[in-house]
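Below are structures written as structure tokens.
Below, subunit A partners subunit B and then partners subunit C, in two separate complexes.
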Partner chain A sequence: MGYEITLATSMCISVVFALSLNLITGFCGQISLGHAAFFGVGAYTAALSSQAGLAFPLDLLAAAAAAAVFGFIVGLSSLRVRHDFLAITTMGFGFLFLGVVRQQDWLGGEMGISAIPGSGLSKLGYLGFVAAVAVAVALFSAYLKRSWLGFSFAAIADDEDTARVVALDVARYKLLAFVLGTAIAGIAGGLYAHHVRFISPDSFGFVESIAVLSMVIVGGIGSVPGVVFAALVLTALPLWFQVIEDYKLLLYSALLFIMMQLCEDGIGGLMRRLMQGRRRTT
Partner chain B sequence: MLYLELLIQGLVQGGIYTLIALGLTLVYGLLRILHVAHAALFTLGGYLGVILTNATGSLALAMVLTMLVTGVVGMGVYRVAYQPILDKPPYVALIASIALFIASEEIYRLVFGPYGLSYDAPPLQGVIDLFGSGMYLKQAELLVLAGTGAALIGLHLLSTRTRIGIAWRATVTDPEMAASFGIRTQRVRYLNFFIGSALAAAAGVMVALLNNLVEPTMGSVPSYKALAIIVLGGIGSIRGTLIASLALGVIESFGTIYLGSLLDRDAIAFAFLILVLMWRPQGLLGRT
Partner chain C sequence: MSALLSVADITVRFGGVEAVSNVSFDVQDGELLGFIGPNGAGKTTMMRVITGLVTPTLGSVCLEDRDLGGLAVFRRVQRGLGLAQQIVRPFNSFSALDNVALAAGQRHTARPMRALFSFRRARERAKAHELLKLVGIDHVADAMPPSLPLGYRKRLELARALALGPRLLLLDEPLAGLNQTEATALADTIADLNQRGLAMILIEHNLSEVMRICPRLVVQDNGRKIGDGPAESVMSDPLVRSAYLGTGESG
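Our next item is the complex of A and B:
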């Protein structure tokens, strides 16, 4: 039973993490190839502050705040560069984060930080807590998408220049999307730190940034139920595939490749088309 | 003396970057795709180079064969991976490309084994005394510098002196206009992938010479570093790519000595990239 609880906790953390990127990339259209860095900022902040004696749920707030500060800075760069340039810039921030962490002794360097205090809850209790956070973030995302703010985000994602013409303060909304998204990523990172209780730079690299981006894209960019579903499945998939250990990554990447060739709007888009088809037939 | 040595090491690394990034910048200029899987062809080049050199005993023959085969594989990549999704949003091609790259690393690992291959008798390992000054350069490093120069001159002649080269530049400038003038843009794209992939393969063979090792993951650093370079240089600009590659090579080689305690090699490269982009969002030589 312990294994299932651990797996389920990881799956819920992925949901929070993927939804945080979905807010930036899905809702507001700002692609990020370095999102794992914010997850990492959150994880390191939670680890260090809880080791310094900050009580469990409070250090998650510290993690969110720290990640949001970095998110604001990266958000500023999104005002300067766009599209593919932004993708590369955010990727650069990811490597910069890794490079700094690897060389700093007070952050544990290559060895990382171990013996992070647990949450004080039982394993099942912690799963409950993480699941509650995941549900809250999912509901918040769904609400945001229908709100005035979500509407502005969609306008910017669609066409930034037109949004500016109709007097939307594009810079402010972009920064807000980055701050919100990275703060949630920070919370996900904090949850992760208390979950595994050992963190090292390797857990926040380029591959992780790509993995979370694939969750958003396989789920259907911007679709909340799609992204939740994709985050759950794609986190569990490599573990289920452990039987075929050697071909795990090959299969995973082949799935992603075929997905892009056949239905690029992901599970969310697939569902939408099915629903529309049904409506048309009735 | 140390400065000069660091400078030359930086230029050699920069030459490798140039050969890899040229193909990438050609692809981006033509199709607006961030072709991450380009580094897979670089790795393929490394493997083929070692295997063919060991089989034939001639590095020159192996180099030519490797470039031809990898060039054709590159055309196949375009046909299978990119052509069907050209009219979809740009992130689709990016993710497909990343997936293809990860898959390729796995395939190399499964086919060639996880520990990598080496030359039986590594060629060009002798050293040359530069200007009689007591500064030594490996023959393989000299080959990198010469190869980079030859590739640039060849590309320049091709794009200015031949019909297909002119068609190529026309297609980059305005694909629809070029097509309406009777240029077969499809053929231009295949040529583009052939040349870019052949250059990446040459870089792979040279890196294999420098390290005497090819391994499945040798492409992972170039895969993102080359993206940084083409953005830094101003996307689609060959001259910008050259300057950015050499600058990055030199900055990394000095940076790891003087900033090594603060940042690692990749972080130095990307810190430089971010600084430049904040100053010039379109890259060093890019046009807005």
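Our next item is the complex of A and C:
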């Protein structure tokens, strides 16, 4: 039973993490190839602050705030560059984060940070807490998508220049997307730190950034149920099958390639078309 | 009475080239001004100065006595400048109705945090429907823009600009690419909107339609203003005829 609880907890953390990127990339159309760095900022902040005595879950708020500060800074670059240049910039931030963390003794360097205090909850209790956070983030995402903020994000994702012509302050909207998305990634990182209780730079590398991007693309850019489904499945598979874990980067890259070639709007889009087809036939 | 829009002594230099040279004109409230000139006259550059896409080397643009200098496009739109672009760019992932509804929801979208706490769209959708009806395309409200012909997308662009409740509407070649029947119909719609009190600047190459609906013209050639006044008298000016139509042509 312990293994299943651990697996379920990891899956729920992935849901939170994937939804955080979905907010930036899916809703607002800002590509990020360094999202694992914000997850890492959250994990390191939660680890250090809880070791310093900050009680759970307050340290999660610190994790969210720290990740949001870095998100704001990276978000500023999205005001100057777009599309592939933004992808390269965010990827650069991811590598910068790793480079800095590996060199800093107070962050544990290559060895990482161990003996991170637990949440104080039982394993099952912690799963319940993480699941509640995942549900809350999913509901928030669904609300946001239907709000005027989501409407404006969708306009910016569609055509930034036209969004300006309909009086949208595109810069502020993009910054808000980065701040909200990275804050949630920070919470996911904090949850991860308390879950595994040992973190090292290897957990926040480029592969993780590609993995979470795969969840968003496979789920369907902008689709909340699709991304939740993809996060659950793509997290469980490598943990169930060691061979998938060994070839994770290859698998996720292949998935990205296949989805982009065959089904751009992912599982969410596929389900939408099936539903529409069924409605038409009835 | 001060002008609704005041363009004063605008000069734009790109490197060594002077695209616009010391051009001034006013637009009064409720006026429909035709802004014309041959290709390369600097009309688009002037319009970009008004919309904020080009910063003039010299001069100023004021809307309702407020200097627009240094303001980004969206700020100018928030202050009452509506834009319908020459190359129509609808939001292709939104229905025609939602394209207009987004613009109609300016009170929700002016600040991102307000947008986060605003949810209902019924009022804006109703207004969008009214505007689509006004421009004659309410029957395709649920259609996606890529599936609409150019004439419909031009009208959609117009409806979206109207949804912002502009004090002054800039129409950049709205008749371009339309056949004569479509162009006449859209020009009638533009004249009708002006009759309702909306001030507009119409930048257009279709001279017959401009002459038909615009009481006043400003003519620009090689970056210089060469005519400004009632349409008939401006077009009978030999300098304008020579520059715009070519010497000896009747127009």
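Just so it is clear, the second predicted complex is superposed on the first by the 264 of 282 C-alpha atoms of A that agree within 3 Å, B and C clash if a C-alpha of one lies under 4 Å from a C-alpha of the other, contacts with A are read in each partner's own complex, and residues count from 1 in each chain.
What we mean here is this: contacts are C-beta pairs under 8 Å (C-beta built on N, C-alpha and C of every residue); 3 or more make two chains touch, one makes a residue touch a chain.
Every value quoted in this text rests on a predicted model; they were computed, and no experiment measured them.
> Given the touch rule stated above, what does A:87 touch, subunit B (first), subunit C (second), both, or neither?
first
> So, does A:122 touch the first partner subunit B, the second partner subunit C, both, or neither?
neither
> Between subunit B and subunit C, point out the one touching more subunit A residues.
Larger number of subunit A residues touched: B.
> Contact-wise, after the overlay, does A:253 reach subunit B, subunit C, both or neither (first, second, both, neither)?
Touch status of A:253: first partner only.
> Mind working out whether A:102 is in touch with subunit B, subunit C, both or neither, as first, second, both or neither?
first
> Which holds for A:162: it touches subunit B only (first), subunit C only (second), both, or neither?
second
> Using the superposition on chain A described above, determine whether A:114 touches subunit B (first), subunit C (second), both, or neither.
Neither: A:114 stays clear of subunit B and subunit C.
> Counting only touches as set out at the top, which of subunit B and subunit C does A:176 meet: first, second, both, neither?
A:176 sits against subunit C, while subunit B stays out of touch.
> Please name which positions on subunit A make contact with subunit B in the complex.
Interface residues on the subunit A side: 31, 77, 80-81, 83-85, 87-89, 91-93, 95-96, 98-100, 102-103, 206, 210, 213-214, 217, 221, 246-247, 249-250, 252-254, 256-257, 260-261, 264.
> Under the definition above, what is the set of subunit B residues touching subunit A in their complex?
28, 32, 34, 81, 84-85, 88-96, 98-100, 102-103, 105-107, 110, 224, 227-228, 231, 235, 260-271, 273-274, 277-278, 281-283
> Name, in rising order, each residue of subunit C that touches subunit A in their complex.
72-74, 77-78, 83, 85, 89-94, 98, 102-103, 105-106, 108-119, 121, 160-161, 164
> If we count contacts the way the header does, which residues on subunit A are in touch with subunit C in the complex?
Spelled out, the residues of subunit A in touch with subunit C are 143-144, 146-149, 151-152, 154-155, 157-159, 161-162, 164-170, 172-173, 176.
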